Each structure stands twice: as structure tokens, then as C-alpha cells.
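Just passing along the structure, written as C-alpha cells.
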């Protein structure tokens, strides 16, 4: 990437810290005060859905904007987080004594405690890899450790071998495709194309009530802001500068004594962590884990959230996800045929004319606050 | 497995190989020679297919007696339509993004979404079938138990002819020389008086035209819908990347290997596992040979 | 041999049959400033590439102190104490001058260390002093991409200073500079090579004369002549192939 498309928002000069903190507080205000006060539960639920996708967008800012790695497979990690949570919720629902239709069916088929879709698919015994998801602690650990670990290993192994930008993107594409194929193909174990749904409670708390939706929303918003803060911390640290250097001239960085593979793998893992958390929160709120959020199409769409918001801005990514998400809902409700044109055009326009997204626009309007003057 | 089954398997593998080659040739030119990743390549194939579809409609309505040749006309027309579209695309979008391959991926992805919706809205949301011409219907009885579909044989021949034509064009004509000059050393080519912009547009358009030919010929194998392009694109990319982007020969060799693997995978496991298996294999190979199987050691400056 | 910091033996690298460096022996003593000269294509840059790990030799060994550099990879070689400056100024254009120097500080270069790295007094002082040495003390907050060509060269030298290597490899450090800038750079280089061993590739003979202790002449990948500047300039083989009449 050249200087013309990546301006100086890479590290925190003295003045910008104030702006950064300010925007963060503004976002917090928006999410914690404005939204809940101005939206009904249904709209708030929609916002929560977009926010869970914003986790991925934030990760993409780190990995693409700063790391120079275009990951077209964040759906994989989102999906892992989503499905892990779904497995836990499903087992909780299946194990419940009070009969929901699902457990009644399972009981009828003679396999109580088994998720309904398994019973429908003549799977008689819970697969061993489902077992640990009976426990919430395992589930949480799986979500927080599994996807980042996979990402780190995959990333390191490839970056060590200097698998280049384009090729790695294609690898991430292939992975997204593989995961979607596997999930859909193994219907008995994963719910197939319909996904896993029909949850009732989370740790005893009924998921269907308004109160639960409110609580979930706030937890999601809080976790998102936490991730944004963590991302900002990383970027302001030396790691952030090294990433910018790697993005600028990876080969040269080796001669400054750094192993680029390690740094790239690290940031790829962080992005995976964010996406996984987003996936888990998505499942909790929307009540569904589905392969339609795992494959190539949704993964590439996540990139556009980051691109619209500004690939160099974590906070921009959140706004990007909200805006694009809202637009998608709006158009699906009113002009459903128009949506593909809009999002297609968005890809083209943002890439050609707005490489730094809305955040870049805002920066330019602020006029030189962050800019370093030439001689 | 007896000899007959083996022959059928080998033929299927050969058929898949030639199909992949046809699809990949266009992308190899665009990606390999120009470094442009056109995610809308699949939609260009679909465009070729739809052109053939319309040709068949036209002939059956206005020139029913000549219906037998509609297919050949369709292929030629598909080439020109996608060639022209490719030219416009290069001039209007691609040329601004030459030094930015990742951005090109995103922009052309957006284009593919738009094209898909255009197909859906203005042609049909449902898939359209094309009637195979009579002289390509049915199969050739090679032996008592071995029956080879004529349509697939045609595609094999078409692929060979096309590949040979592309090779001859690139290595035996002045235009081909210009293309190779520009893609290898733009500055010098320009200094030598070659209109590099025109060559770029031509090269890209050529790649698109080849996609059109591929799409057109596939109408014999399957119906065409708005998402047909997407179904083809992953395979095409895999073939090109697997083979090592800079080598057309590598692309062909890669198509062969993947074609064979696909045929054998599908024989021994379910369709979805086969696809997943191939993708996984490619990832592993890319790990060992990051620039593709047949990439040359010397990196271009 | 004692006193040798760099020992290159039988080094050969072949690209598709073409030998860019051919069975070269090259020895540099501790604290020496060696200039390597020769016509284009003589293998000078390739030699440096192999020492710092950018290119892998086909055969031969490179020993730096007790380490075999030809078996190590770039960042390991850098951490061992070898610093390279490239022919085209290679600075991080998107980072400021100060950040370029900061990133070259040779501590905590792994991920965890970098994550929690807090600039300490020693480092900030060093950045200031290096910036002054490279004449960029007023440009600390400017993005490196905005510097002039000569300033970028100095910044790169500054980055090397921060890294504090024992062996400095400089590839055409004054290429593209004005006469005045060359003088300043000569001053700079003589200063920083004190207490370090340095290998410099250059084409400007006046500049070489100003700084070199000893000169090595390469031609077609092989050693042509070696000695003091006077010895080399009067060597008939050198005159014929390189220096002209």
C-alpha cells in the first residue's frame, strides 16, 4: 500500500489521543444511551445483530488495515464462535426437563437429551465432540481459545513460508468455502443448511423475554467496546508500529530484527478472537447458528463493513457495520431487488474513491488535526 | 474395477480437465499475465452462457431451419460479447487498480454482485436451459459398455483448439508479442512505441472472451442461472493458483491434476466431501509451494 | 584467524546457471572500514545480500564472529549484530522519523515484548542524539515518506545507529546526493564506523578515498584486487576493467 491511500492515522501523536478517546466515548454514548432509549426491543435486537458483526469488522481493521492481510474468511471464526455457543444452548435446551417440542420429540425417539435435529437425522448417540459443550466453562474457553489458536497456527505456518497477500486471501476464501460445505454436508451433526436453532434458555435465563434481549444487547455492546479498546491498545503499542512497517515493507522489517510471521499471525489471531466473540453473541441474540454466515459471501461482506467505516479505524468499523447492516435491513424490507446493486456499488465506490472509508472522510474534514506538515 | 469402468472414469477425468482448462485459461491470462484478480470472472462465463441461450432462442424463432448451427454461432457471439464487455470493464474500472490486487478483488467482487442481480432481474431468476443441437446429442459408443457423451467430446476438442489458438496467438503473432512485452516490462514496451493502454485493454478483454467461450460451451452440460458464475469461480481460481500464476502451461497441468483428483474423489466419497477435499489439498500444496506448483524460481522485478 | 569479524569462504551463488558471485573469499577485520568497488554486475550487492540473509548462497560459508550466517535467516542475522543499509533508501514511509528510529531500537522485538513495551529514558535520549547526528532533529514528527531522497538515506543510517550493530553493511550510501550532502554523509559515516566494522559499496571514488581503510575490487563475481586506495587505483587490471583511462 502506498502513502496515497494510507494516511497517518497509524499511531497516536499527542493531539490525536484526545480525539480517539472522544470518539470512543461518543460511540459508548450512542450504544449505551441513545440506542436503548430511542429503539423498541425489535430494533434494538437488530442493532445487536449488526453489532455482533461489527466484531468481525473491527478484527478486519486490525488484520487488513494495519496488517495488510485481506482475510476473506472471517466467517470461519465467526462461525466457530457461533456454533460453539449454539451447541451449548442446544444441549441445555435438550436436557431441560420441561418439554419443548424438541425434547419431546427426542424423548419420543428414545434419546432424551439429544438435540432435535439429530433425532430427525437418525443420529442416535451424541457425538463425543459435542459432549464437552454441556459445560458453560468449556464453551467459553472454546470460544476464546479455539478460533484464535487455529488462526495463529494457520497464519504462522503460512506467513513463515512467505505465502503472499493474494494467495493467503485465496486460502482464507477456500477455508470459508470448506467450512460451509462441511457444515451443510454433515447435517446430522451440525444441523446442516438450517443451522442450529430453537434454544430456550441460557444458564437458566429464558432467552425469549424482552428483559433477556435488553441484557444481551448491553453485554454485546460492552464486549464490543472492550474489543475496540483492546484493538486500540495493540495499535498504539509497538506492535502497531511494527504492523504498519510490515504492511509498508515486510522484507525490510526482517532487517530491523523482527519476525513478521509472528506479528502477522498474532494479529490474525486477535481478529479471529473478535470474530468468535461476535459469533457467540450473535447466536445468543438471534437464536441461530447458520452456515449462511460462514461461507464466502458473508465473509467478504464483513470486509465491506470495515471498508465503509474505514479500514484504519476501529470505531469506524463499528459505524460501518451499523450503517451497512441498517441499509441491508431497510432495502430487504422495501426494495429487495435493489440491495445487491447497492452493496455491489458500495464495494466499487469505497475501493475506488474512499479507500479510508467514512473515518477517512471525517479525518479530512477535521483538517490537519492529525496531519504532519511537510517541510 | 474393470477396464470399461476405468475408461469411463478416465474419460470423466479428461472431460473435467478440459472444462477446467477452458475456464482457467481466461483467468490465467488475466491473473497470470496482468496480475488482476477478477472475481467477476464467473459472471463473465455466465454472460457467455446467456448469450448462447439467446442465440438459441433467436434461431429457434426466426431461423428454425438453421437451428443446427446456432451453437457455433452462439460460441462465437459469446466470445465477442464478453470480449467487448471486458474491454469496457478494463477501461472503466480495472485500469485504475493495477497496483492494488487486493482492492481489485474487492471491486470486482462488487461487480459480480451487481451482474448477478442484473441477470436475476432482467433475464430470469430461474435457471434457463439450452437445447443441445441434434448433432451433439447422445453419445458415442466406444465399446459395448463405454458410452462417451458427444457434448463432452466436443468440449474436449474445443478446449484443445482454444488452448492451441491462445498459445499460437501469444507466441506466434505480433499482437501476442506486444502483450508479452507489456506484461513483462511495461516501461520498456512503452518506450519501444507500444500503446500499452491498448494492449492492457486487449489482454484483459481476451481473458474475458475466453471466459465467454467457456460459459457458452457449458450450456450443454448444465442449465444457467444468476448464481452459476459463483459456482464456477472457486474452482477456476483454485486451478490457476494451484498451477502457479505465471505459467499458462502450469495452468493446464494444474487443470489436469485437479480434474483427475476431482473425478477420483467423487468416485470414492460424497460430492461435498470431494469439494472440501480438493480445497484442502490446494491449501496444503500452497503451503509447500507458495507461488503455485509450477512457478518459476526467478521472481519478476 | 583472530581479529576477523567477517569471514567469507568460497562463496558462490548461482541464478539459473549465472554465477553472480563466484568462489569469493572475503575477510574483514574488527573495526575496519572496507570499501567494495567494481563495475555494475560485479556481485557487490549480491555479496551483501548473502551476508545479511536476503539471498541464500549456493555454496560456501559466511562466518560472523562464531556464527554461520549462511544457515540463519534474516531477522536472526540482524539480531546477531549485522546491520544493512540498502541501495534504495528503505525506510518505513508511513511511520514518522521518530517511529522509524524507535522501531529500530534493538530491545523487545518479539510480539509480547512489543505489546507491553514502554519507551524508557535511555531510548528517548538515544533517539534524540541519533536524530541530531543524522541532521533530522527537527523532523522527528514528520512521516518518513515526506523526506527528501538524501534525508531518507540519513534516516536509514540513523536506524542502523539505533540498532547498534557490530557489522555495518552499507550499499551506495551517497547515491543520488548532492556534493554538500556527500560531505555530510562522509562525516557521518566516519563517525559511526568508529568502534564498528563496516563494509561499504560505493561508486564515487572521491568518497571512497575519504573513508576507506582498505578497498576490495570485485569483477564478474570474483575478487580482482585488494589493498589500499592507492594500491588499487594503480593496479593495471583494475584500471582496465573499471576505473578507465
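In this document, chain identifiers A, B and C correspond to the written order of the chains, with residue numbering beginning at 1 in each.
Operating definition for what follows: a residue touches a chain if its C-beta (ideal position, glycine included) is under 8 Å from a C-beta of that chain, and two chains touch if they have at least 3 such contacts.
A quick note: this is a predicted structure, and the numbers were derived from the prediction, not measured.
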| item | value |
| --- | --- |
| Centroid comparison with subunit A (C-alpha atoms), farthest chain | C |
| Chain centroid nearest the full-protein CA centroid | A |
| Cα-centroid distance, subunit B relative to subunit C, in whole angstrom | 49 |
| Averaged-CA centre spacing for the pair subunit C and subunit A, given as whole angstrom | 44 |
| Subunit A and subunit B, separation of their C-alpha mean positions in angstrom | 34 |
| Partner subunit C, residues of subunit A touching it in the complex | 3, 6, 8, 10-11, 13, 234, 237-239, 241-242, 244-245, 247-249, 251-252, 254-259, 262-263, 266, 372-375 |
| Complex contacts: residues of subunit C adjacent to subunit A | 52-54, 73-75, 78-79, 83-84, 86, 90, 92-96, 99, 102-104, 106, 108-111, 114-117, 139, 141-143, 145-146, 159, 163 |
| Sites on subunit B touched by subunit A in the complex | 37, 93, 96-97, 99-103, 105-107, 109-114, 116-117, 120-121, 234, 237-238, 241, 270, 272-273, 275-276, 279-280, 282-283, 286-288, 290-291 |
| Complex contacts: residues of subunit A adjacent to subunit B | 1-2, 5, 64, 70, 72, 157-158, 161-167, 169-171, 173-175, 177-178, 181-182, 184-185, 296, 300, 303-304, 307, 337, 340-341, 343-348, 350-352, 355 |
